[in-house]
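Note that the chains take the letters A, B and C in the order they are written out, and that residue 1 is the start of every chain.
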Amino acid sequence: MAEQAQENSSLSAVVADVAAGVALALDGGRDSSALSGVLAQDDPLALAAIRVLGADVLAPYALRAGGGPGTTTDTGTDMDSGMAHRRTARASGVGAGPAARGARADGEVVRKALAAYPPGADASEVSLWSYRGLVEASRAYLPAGQGGPESPAGAGDRAAGPAAVAGWLQADPWPQLAHRASQLAALSLPGLAPALATGLAARTEDLSRGFVRAVRRRDWLQAAGIGRWLARVPDVPDTLGLDTGLVYVLRMSGGDARVALHTAIARRFHGRGAR
Amino acid sequence: MASDLSAPVETAALAAEVEGLLDSAEPEGIYRDTRECGAGLLLLGALLISPPTPRPPKTDAR
Amino acid sequence: MTAAPPALLHRVGDRALAWLHSNREYFRLTDDDRATGRGLVERLKPVGELAINMRVLAREGVAGSRQRDLSRQLLDFAWRDLLDGGNVLADLQAEEPLSPVPLEIYASLHELGYRHPGLEAAIDLARTTASWRAVEMLPNRRLGLLNAERKIGLVPSGDAEQALAATWLGRTPEPWTVQFHLAYDITHTVFHLTDWGAAPDRLPPRIAGYLALYLPAWTADWAELEHWDLLGELLVVDACLPAPTLDARMWERYAAAQAADGAMPVQGAMPAGDPETVFDLVHHPTLVAAFASAMATSRALSSDVAA
């Protein structure tokens, strides 16, 4: 059913390709991130796909960077990112050589995606958040000089501060909250949106309900997105069966690449899912 | 891929599609459960306040 | 989450009871049902459910005077006209000595003061056998049987805690695996454990916590599917929790599904057909509506609704 919403556009297909590439890179199947190596830099579809996936396209760099900066202020991730760091210590050090060239090229692709698809005047809040997440991720995860594109026209800075967070994060009834959280799942990467993470960590029970509802509805993408936020928090209810649930969602989605990316991130960053 | 001429148009259309994918509505969930409702009612039989089973047709006139 | 106002909760049951009363003739067993015994148990099921409902109404004391009259009339009708003063149940027990059905139906009527010594003797006889305890049944039904025994003053023939441990809910498994039949297993476990809502405090805290956490997800889902029969049962479960939510949005949808004459459809809209056919289709969800309303109204009037 999740497929219905996305239709089977060529953009959806490219989004799936990019998601699959990133998941592969996360699992160590490729040396560098999947972006520049496999995508034509000026392909508008490829750039659009990067914009759709947001910060997740840089998840392999976050893993190598040991979970990214800002983790000390980032509720619930300290232990997890530390774990990821130990696991990937060998792979860090993106200073020179082919890895550095890859990072440089990927930073360039991301910069182009941001420039090509800035949030318009009537962009949704999700779009703004996601844009800002990608800006933040390239600053945080890519080695200095490769990332940190200035956000064109500063569009991403609109409505993205903690004050803007407060409203829906506290007031939304749990079904809407969970749906929105899943749309913003890429921001669950370490250090990207501390206020958002803290706010959602305070609503673990509501996200758990949302996970149950999403699985019941067979909305695997939503379930996986909510599952990622839940994977971060230490107090997720045992009765939810999150580990089994993430595996279940992945299998039942029938190979949905975006679902697979979500579950791969939950596994690699937080050790949740397949054990 | 896209020629120079078609690029701006395509990008505008894609931008709308990007928006749509980012802020996607929840898909309808209407197809689930249709099968589960029908099956297995016999097992529950005469358990009180359990889902209704078809009652046998009445055979005598009143 | 906002709690529904007591007036709304009460109205659903008031209308459901009016429909049950004006359609009471359709509960009747035919001579043929009794002569052949075919489908007898299926035909007795609604009568047992009616008795449970009237018991809940009498117990919770939330009925207005008109409701009290209707429910009194319905009860007498059920005992005298439908069950022939309990003879129908005694006949069934003689026919099938190990059947739990007569006891399940009799238990609520017994609490309301109706007696059939012959039936009680037959139940006692069945209970002397090891077979009575060994009969295989769904774990949540076993829990119900133990509760029925307790209701008529007998020592339960098994351990309630063990029976609970054998149910789905007793093991609190992954809440996202719940589907239609599991959901009814959950509601029934709660009904029997709490004696149809009489003793919410019999829910172990572990299970009450599990339900408080996940019940809203199931409720929202079956409301969206417009499955009013199951939604009604889930609303009863909510009313059995230590801090019920009585969620206004759910109750508003539920109330809106009720037909003008008080009938509650099973799913979606009211079915079409002659009154007898319609009765067969909607008597169950309408009984559930009366049950849910009585429980929720009672809890709304006490002060323990969740914030």
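Side notes on the structure shown:
The rule is simple: a residue touches a chain if its C-beta (ideal position, glycine included) is under 8 Å from a C-beta of that chain, and two chains touch if they have at least 3 such contacts.
All figures in this text were calculated on a predicted structure; none of them were measured in a lab.
C-beta contact counts were set side by side for A-C and B-C; B-C has more. Geometrically, the chain at the heart of the complex, using CA-atom means, is B.
With centres defined as mean CA coordinates, chain C is found 29 Å away from chain B.
For the pair chain A and chain C, the distance between C-alpha centroids works out to 47 Å.
The set of chain C residues that touch two or more partner chains comprises 221. Within chain A, the positions touching two or more other chains are listed as 216-217. Along chain B, residues 29, 32 each make contact with two or more other chains. Within the complex, the chain B residues that touch chain A are 1-2, 7, 10-11, 14-15, 17-19, 21-29, 31-32.
Within the complex formed with chain A, the chain C residues making contact are 1, 172-176, 178, 210, 213-214, 216-218, 220-221. Residues of chain B that touch chain C in their complex: 29-30, 32-33, 36-37, 40, 43-56, 58-60, 62.
Within the complex formed with chain B, the residues of chain A that make contact are 1-2, 4-6, 9, 11-12, 15, 40, 42-45, 48, 51-52, 54, 116-117, 120, 123-127, 130, 179, 183, 216-219, 222. The part of chain A that touches chain C in the complex is made up of residues 173-175, 205, 208-213, 215-217, 223, 237, 239-241, 244-245, 248.
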